[in-house]
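Take a look at the structures below.
Both complexes shown next keep subunit A, but they swap its partner, so subunit B is in the first and subunit C is in the second.
For the complex of A and B:
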């Protein structure tokens, strides 16, 4: 490479690796919110109340068709206008969690719809309550077909965490920007960020594929 | 300040930002389609070198963030003597990123064209190029159009990131307006609604329309 400086690389690497921890934390927290909230969104669309179904459906469409970076700005700046101050972390987690909850709810929806009708009828004939039917019969069967989609969005949320840098969450991209503005060197920090992302996302994606086959085999679905 | 006064005062800037976003989306989409077709077909080439190049490209662009790629193209490439103007850097980054995702759609769609179609083209003694362009690709396009609709919405959303390298798109304009007025709900809210309208009431119907035209052309309407 033209003027790649290894001494500088070694100097900034510990800082970037520390920030990688924050990136992973942000991705993990955001994903945890999305997994739970997404299920709530998916179940809300199956209630018999038409008004609830329509409102949730439209909200999901809205979240899915607008840019995450804009939603992050919106959550972060609109609160103070009405006297609610959110820290960058809180605002970031709300925005990214909501965004991916909308995506995950679509994944769950597909999974729930793939459970055969007979399972519902069997649960009804056994006089199981709705909650019991969902948690003991339907969701365990809806989960395996949802796993591929869920895994994709786990990698997706990880790759979207750099957007949190715009409101000052000290993750990988934010740190690289800081290094760049302190030293006027962009080649090493930005390249390292790219390499770190690759080194995490490619093995994760491969691991998820293995996990998926393992679950399918475990449940006797292969 | 009421919302209508806000729109009256800043409507022009929001509108010009929207226009920039639309132009960026169109340019990035064209680039993404070209890259997706090229990389998707290269992924199926018999030559392992060609296949390898496409695989590396796809994995790099799918394995890292669009924001990282954008910054890399804008801040690092000039060090290698390749300087893009910020607008160009913006749509090139978005196009190259979504092109990598599109490549997998292209490959999947081409592989799902029934085998008999390949055999029939072979039996008619068509050249490989002619077989691809006249027989396989038109049918593959019909198969991949619905997922491309989703991808183009992702692309539209991706263009919002170019605001971070100061391209004056919709995102950039409302950020500036928010910076001077502190009317966050009005400025960011308006932008959210505009992106929603662009995605839901322009892009989606447009893709449906293209789908219908393709179906008619292939006699499947």
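For the complex of A and C:
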């Protein structure tokens, strides 16, 4: 039925597994950037300075309304015209990190807003500083309700890493394409890529749910 | 708020004794709704003043303004002789900046109707957070102070529990210990027993009685428990429509209310019991 060749499958598997390392690295780095930058975006929207709030708000809207692949191209190819020459990895991490930061900031925003007003008032009545109030009182409570959304975007960023192949980051998709153009066989490499993504996505999603329960328990909130 | 409006308010309260808390012509409104109308209220050092009154009469707002949880629209609030809502700038009072607020706020502690304990911290951690990170106590000092206060409110054995494992009465007692750990001069209680089951109200009111007996604190309390107000207060203020309709000693106010609205309110409350 299918012209599936096992010998070819075993032959290309090590190469694809090596590329999986790059995919995981890209997803991990991109996500780390997005997690931190997203929090900065969310907090910036809560400052009393209207100009900051508006600029950040608009930037987030802009990022969320345009395709990721365009943003990747933009950072990589348009940057040099302004004298910013970036490697594919750097450009890719900036683009994907920014993109997901915009989405994560919305998740954080929801989480922050879910913390009852009384918690702010208690912090004020104890005279805690604003920074202390955020990092010790509010953010720990905003975390559990944010984890589900954060988990979705972790899987999301992982599944979006193939877009980095367009600027030549040697991740899974890029490697599968390369194998295809060298051997004119596409069935095995693309199928393997799909299987590898599935084998990583599914346990990750399950792991996130366990982590969520663990965090709630750890914070004494169950 | 212009300087002209603030003329007539002293930069510092003089006299002997200076009231611990002084509201001078304080007005608070939300949009066109005037919640407090030119309120004048002095509370002496060590005095226990209770505010009673119908729902919406502005009782909570008085406490929240004093805790700086609400800004005010007119007048000045003084604490310990110094302006709280304002600060001196040259010869006049200007709205307080954050630094001034933080300094003045340290004189005041508040307990809330819904406790507002930090749910991710144990009882002990709740009581140590402020002393360590605001007052700059060492962990060891803060821990000793917190343990002492938790013992005072009868919660020593639950110090390592998170709030979700405590009953409402227990949470409120921890909240009182947490506020006291900051060593405030003025303590505010806003209906601290209203969210509690009737059978645990006593454990919280007993703690407040203990504070009155053993600590030299100035207290301002809002409550719907007339019996408790009657035997603990030095003075009771009946609020109606954002003004003090009548005030006096518990004997005067509960025994012989002069104003019709006070009489109506007290008889309505009695019927409800």
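To be clear about the criterion, the second predicted complex is superposed on the first by the 219 of 222 C-alpha atoms of A that agree within 3 Å, B and C clash if a C-alpha of one lies under 4 Å from a C-alpha of the other, contacts with A are read in each partner's own complex, and residues count from 1 in each chain.
In the analysis below, contacts are C-beta pairs under 8 Å (C-beta built on N, C-alpha and C of every residue); 3 or more make two chains touch, one makes a residue touch a chain.
This one's a predicted model, so the numbers in the text were calculated from it and none came from an experiment.
In this overlay on subunit A, subunit B fits alongside subunit C without clashing. Ranked by how many residues of subunit A each touches, subunit B and subunit C are led by B.
Contacts of A:52 after superposition: neither subunit B nor subunit C is touched. In the overlay built on the shared chain, the residue A:17 is in contact with neither subunit B nor subunit C.
Judged by the touch definition given at the top, the superposed model places A:40 against neither subunit B nor subunit C.
When the two structures are aligned on the shared chain, A:61 is found in touch with subunit B, with no touch to subunit C.
In the overlay built on the shared chain, the residue A:148 is in contact with neither subunit B nor subunit C. In the superposed model, A:206 lies in contact with neither subunit B nor subunit C. In the composite built from the two structures, the nearest CA pair linking subunit B and subunit C is 29 Å apart.
In the superposition on chain A, no subunit A position is in contact with subunit B in one complex as well as with subunit C in the other. Listing the residues of subunit B that touch subunit A in their complex gives 59-60, 63-69, 71-72, 75-76, 79-80, 153, 156-161, 163-164, 171, 174-175, 178, 182-185, 188-189, 191-192, 195-196, 199-200. By the touch criterion given at the top, residues 116, 118-119, 121-122, 124-129, 132, 136-137, 140-141, 219-222 of subunit A touch subunit C in their complex.
Note for the complex: subunit A touches subunit B at residues 2-3, 61-62, 64-71, 73-74, 77-78, 80-82, 159-163, 165-166, 173, 176, 180, 186-187, 190-191, 193-194, 197-198, 201-202, 205. Residue ranges of subunit C in contact with subunit A, taken from their complex: 67-69, 102, 105-106, 108-110, 112, 114, 116-122, 129-130, 133-134, 162-165, 178-179, 182.
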